[in-house]
């Protein structure tokens, strides 16, 4: 059938370099490579290429290249080829457009418009290779005031705290949306880095039993896999209200991805669709949320902090305040550039606000209300490098959630087709022939390397500012200056313009 | 002794081990020339069997009491007493392939002579192991008498 | 402890080496009637055609024997064994033994023919000396006639075809290589050899008489009446176990020397025998056969050596396995290739110049004939040797066999290097 949509990419095979080893043929789950009938010549069929680069990266002679398929439309700034193609796709299927990963739209990225400070002459900079640099981060509700005995011993009963050795944690990605091998790689990396990974709403697979001391377990609207042991086998519990990539939208894991393993972890029948409703059906108010938080604390004997994860939407600051007052110990705010395994394209690309503005607004509101110390703020929604993390912390975040970056470290090439379940890198798929491509023994090392590199860079940036503890950076907006931002933007971000 | 073990649960069926084995055992040691232009074409000493669901690379097990050595009618196939490596002396081998007929693993390939894994003698790690993209091949000593 | 071994080929050498492994101090003496240190007997045809040099034919370096204190006595034709005195006689020389192993191999079988015996251009083709003699005499003008199209005859013919003007092969049986090929495959092989080697076959025929001038044969006359010009006659009708010594010493024999199939002990507890001079029981059909094969000789020699030195090694079942090539055509066969009987079935796959025939007994593989299809043949051999029940296999047995024929646990074991 003619589908009116030109293909996206062309796979170019350099015949001079191709040795017809067939590696590409056996690796492409989109069947872009195949053999001639005699099995001797590798051929190319670009139609389904998603530019995941599996073939390119494994080709031993560099014989393959992926190019944008160039097929010009008549110039039209309004009816761009993308809109025309999406219309054709919907005209064909009658369905909601689905996409994976974060929005690719060219919305402003405030990280790129914020610059960091460094010390000169006064308050001299610190060499992180010579002097200790503290990036250990402690999450959880802090007491309102401190009372001490005569001898100086604290008499305050501390609420449960979670200590992590880096301000970077791995965001929620459920087993189901990603493969067990991918989740295990993150768990292994988290354990060795002294940080946490997040089970998402997919329950905790028994194979990860050794990693419960670095697990954040999620309670989402589908309540998959939630039971008392699940809640207690964790460092903290997170109630997922919303996700940056799809605020106000539930989740839908198609039945074909619910194999035995997924079904066991989620406690649902094999092959049944795993539907996370848009709202929690027992939460219609801050008071309802308070009840759930209370229940979880009861179930965990008040030993685990409880986090509430919300999407960055228009009145995020007020919602954060409400969550704090509902008894949350941690609030995670997920910006609209955050990733997803599958989201309706229109929602992903149009709903929500950037994490920079949401974080600054929420931090300011909580400070203004005098309740900032009641909660820890975790920012999420696309951190591409260590400088983004430093900026987020200076804007008021206690820690950051990263997901896309570690996935890229594991092979993700942002082809944005997670929803098809054909991930050639073995990440966003449950097909055994694909998931085995991701060896946790290799991938946890790569993720650890990445986070260790970022840790080094964070220390270096802090040293340049003359700061030797990440606590001194937190909410320290004087370390930030805007560049090319409007008065209003600067006001919301709570930072001065460069030169001021 | 250290030999190459395949983990079938990690094998990608990419068969790059074969490509790099050929390269390592070629005249030119160049991946393109070895796999495309050299004549006679080098023979891979490791072979991936199976399909995309389940596959594994098989090469010589360097047995304790190798059948191929027992069966060799010319004394070309020997097991080195010190290193344990089973190898073919190409000056002695007449290519009768009796070794192939008795190897219970299917590790010997046909060429002008019997062709088999020599663990890339002289290298720290055999080429197949070094180039396996998923560490499905490991070069370790699992102990035992071997 | 004094060990004496008669014969220094596959079995004799394996026996000596195994003794040395298990007994570091005993004296090992290997007596060979030949003038050479242990060499690869099957290589003599490759030597003939110039594919291998004499120095490459020796199985071990000379220093090896000194290092392992194995004394090889060449030119030592044993004339008798005295079982009561426990000595071996080589002419006047006496070798006392505590344990003796007879690895005397085969002797050529020469059917009655008129005017052949004693002629200077009639040769057998069994050892390096005969190969050297033939090589010395053969040249581009030689018209050679080979009697016998078995393994020895065919290898001789192949070697000669590279040197001689013409090679004719006469074979009494209606097909070539009857011991390793079935009727169907032997036709294809014959065609290949005729085309590539320009060898002329006279099947169902044999030489009955030779015409000669003085001590030289000039032509041979076949049973069919045909006369072939002949400058060189190779007698390769077959071999028989060399049992003369054993018979003289009144050891039990039955075609070959009778041995305990597990320990290789003869009817004398201090005398063992191994290799082509013995008679074995084919594990596949239970029949007594002379399985004259290098692998079997090595295994038997090794077991005999172990037993002589007080070790525990015993022999598994015997079966035949052969691999050979003629002008690039690879033949690999194993087991009961000519099995007859209701209990056997077979299946043939043929495509292009490759031929694969598998022979089954019920659910078990008992034989195969592979021509240009020998990839991984050893896996078939192991199925035969282990008497594996094929219904437990996962893959298609007719495809190129691999470890994926086996279920996961067996496969994992094999990948670890444990033969099953």
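Each chain carries a letter (A, B and C) given by its place in the written order, and its residues are counted from 1.
We take it that a residue touches a chain if its C-beta (ideal position, glycine included) is under 8 Å from a C-beta of that chain, and two chains touch if they have at least 3 such contacts.
Note that the structure is a prediction, hence the values are computed from the model and not measured.
Asker: Just to be sure I understand: the centre of a chain is the mean of its C-alpha atoms, right? Then which chain's centre is nearest the mean of all of them?
Answerer: Chain nearest the overall C-alpha centroid, as shown: B.
Asker: Tell me which chain's centre, taken as the mean of its C-alpha atoms, is farthest from chain B.
Answerer: A
Asker: Averaging over Cα atoms per chain, report the distance between chain B and chain C in Å.
Answerer: Averaging C-alpha atoms per chain gives centres 28 Å apart.
Asker: Using the average of all C-alpha atoms in each chain as its centre, how far is it in Å between chain A and chain C?
Answerer: A distance of 70 Å separates the two centres.
Asker: Distance between chain A and chain B based on Cα centroids, please, to the nearest Å.
Answerer: Inter-chain centre distance comes to 44 Å.
Asker: Taking the touch rule as given, give the residues of chain B at its contact with chain C in the complex, in rising order.
Answerer: Result: residues 3, 5-6, 8, 47, 49-50, 54, 56, 58, 61-63, 67, 70-75, 89, 91-92, 94-98, 100-106, 108, 110, 142, 146 of chain B touch chain C.
Asker: Which positions of chain B touch chain A when the two form their complex?
Answerer: On the chain B side, the touching residues are 9-16, 18-20, 31-32, 35-36, 52-53, 131, 133-136.
Asker: Which residues of chain C touch chain B in their complex?
Answerer: 10, 14, 40-43, 46, 51-53, 56-60, 294-295, 298-299, 302, 321-325, 330, 332, 334, 374-379, 381-382, 385, 401-404, 411-412, 414-417, 419-420
Asker: Quick one: which bits of chain A touch chain B in the complex? Just the residue numbers, please.
Answerer: Going through chain A, the ones touching chain B are 17, 19, 21-23, 26-27, 58, 60-61, 432-433, 436-437, 439, 441-442.
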